[in-house]
Amino acid sequence: MKKRISVIGAGTCGPETEALAERLGFLIAENGFDLVCGGRMGVQRAACRGAKTAGGRTVGILPGLDFAQANEFVDVPVITGLGHMRNFLVVKNGDAAVAVEGGAGTLSEIGLALKSGIPVVALGHWSGIEGVRPAKGADEAMDILKTLVNG
Amino acid sequence: MKKRISVIGAGTCGPETEALAERLGFLIAENGFDLVCGGRMGVQRAACRGAKTAGGRTVGILPGLDFAQANEFVDVPVITGLGHMRNFLVVKNGDAAVAVEGGAGTLSEIGLALKSGIPVVALGHWSGIEGVRPAKGADEAMDILKTLVNG
Amino acid sequence: MKKRISVIGAGTCGPETEALAERLGFLIAENGFDLVCGGRMGVQRAACRGAKTAGGRTVGILPGLDFAQANEFVDVPVITGLGHMRNFLVVKNGDAAVAVEGGAGTLSEIGLALKSGIPVVALGHWSGIEGVRPAKGADEAMDILKTLVNG
Amino acid sequence: MKKRISVIGAGTCGPETEALAERLGFLIAENGFDLVCGGRMGVQRAACRGAKTAGGRTVGILPGLDFAQANEFVDVPVITGLGHMRNFLVVKNGDAAVAVEGGAGTLSEIGLALKSGIPVVALGHWSGIEGVRPAKGADEAMDILKTLVNG
């Protein structure tokens, strides 16, 4: 199977963060990875849109039990009913994770990823957390992700 | 999104049950549905193989955290680490479920499906359970499933 | 730690089933077991009330995230947010399970218990399911449970 | 029901951190709260021991399906089979959480707590995280927790 990158981050965001997430999603697909995310809005939606522009495949692991929670760029929605516990599945279903800004939910995903051996790259807010690899932009993040996943 | 049928049933089975599950998987894909299953062996693998022969798409919701648990006909494996609790996600990610033989695990999936409003068709072992719609073969099961899902 | 018996069954029930569940809860506590259940109404509440009358301890594993879901006879409520998936935790946190009537939710618990090696005694509705030990009343159920748990 | 404080933190720790956690557990029980934790070793075990010394009650929400994972000071072990996802249940079953040192697992618990509205006090390692209330010792932490929980 194709390697996968999980994109995590702010559920609502401004145009700058959105553009960053979209570029990241584009690069993920262009580099031959499937994109995994929480399937919803903000960074998740922007990253999915970018991945679809590059012809990629997107998996959205949703917190609730309603497929309508998924944004329109998710190819394979998976409902879980796990609420915040689904955050673990978002990061664990990838070979690496990349955080774009985000709040406490993103912080929990970073913790769960690091705890279970998934490497994390971060742009913005949480890039100073111990164990996380900081990146300055989408292209640098992609370079680090490729090294992490392909060895 | 495409409607989905969940296939549940025996994790190990003889050639007759396998042929039945494969035919069912083929019909599910041929009729334009995505196939959801537990992603593993026996009925799950045979149904996925049938769906792939008909050019369909297969989602496998795995009990553990290892993608290698998935059979080779799963297009989109999803690891969960939920063990037997993932049975709920297998049935709930479909618009209807169909059981092909099976033991206590399949029984739990039937109960979870009925409890959460997912209609169930059964071939063989559990077809006498209250609330389940019995079918005599793959083609009859498919006819009932189409009526259930498309209304 | 004390051995535990899980009581599963109808979420709403008439006075006869309620009396049966209450007697069963009483016997469980009187025989020195902790009682585990889903923490809510019907058979669960009646069994908890019986256990408290006998001075026992009751654990309620709730489907949602609101402690107010627990009935007033639950000593230790545990919120899960797992919805129907919490059914697995109800049976798996006991050394044996006993079903008193019930519908599809109880059926899922019976399947999950049997699948994961928890023996099941049933009164009423589901007592004919393969693998389940049928009982005629609370006292007979208790006798079987003691043999199952204490060997 | 009694209010509850969740104690999270390092799974293995030196004597100084252990003494801190034990003092905290003692104070939690002495102030009339039940103690919730992950049920295992290090900070969890030390806090449980402290709570038992003060005559309190301890609930341990375990990651696996084996009661033997619980430390000897857990009164009510709950097995979950959820692995790292159980971290959410540890914090969500309390009215407030307090972190004593800890690594990525503790970080995930802090994120999950903050995301779901559970206030967090931290001693040591993660006390600088945005949204967390830092404390200098067990007694100060207890004072903050009382204010948070009792209003």
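By letter and in written order, the chains are A, B, C and D; residue numbering begins at 1 in each of them.
The definition used in the following text is that a contact is a pair of C-beta atoms (placed from the backbone, for glycine too) under 8 Å apart; a residue touches a chain by one contact, two chains touch by 3 or more.
Remember, predicted model here, so these are calculated numbers, not experimental data.
**Q** If you average the Cα atoms per chain, which one ends up farthest from chain A?
**A** Computed centres place C farthest from chain A.
**Q** Over half of the interface residue numbers used by both chain A and chain B, so same, or under half, so different?
**A** Over half of the interface numbering overlaps between copies: same.
**Q** Please tell me the distance, in whole Å, between the geometric centres of chain A and chain C computed from their C-alpha atoms.
**A** 41
**Q** Could you grab the centroid distance between chain C and chain D? Build each centroid from C-alpha atoms only and quote it in angstrom.
**A** Here chain C and chain D have centroids separated by 29 Å.
**Q** So which bits of chain B are touching at least two other chains?
**A** 65, 81-85, 88, 116
**Q** Note which residues of chain B are touching chain A in the complex, please.
**A** Answer in residue numbers: 1, 59, 61, 65, 67, 70, 76-81, 88-89, 92-93, 116.
**Q** Enumerate the contact residues on chain A facing chain C in the complex.
**A** Result: residues 65, 81-85 of chain A touch chain C.
**Q** Where on chain D is chain A touching in the complex?
**A** 82-85, 87-88, 103-112, 114-116, 129, 131
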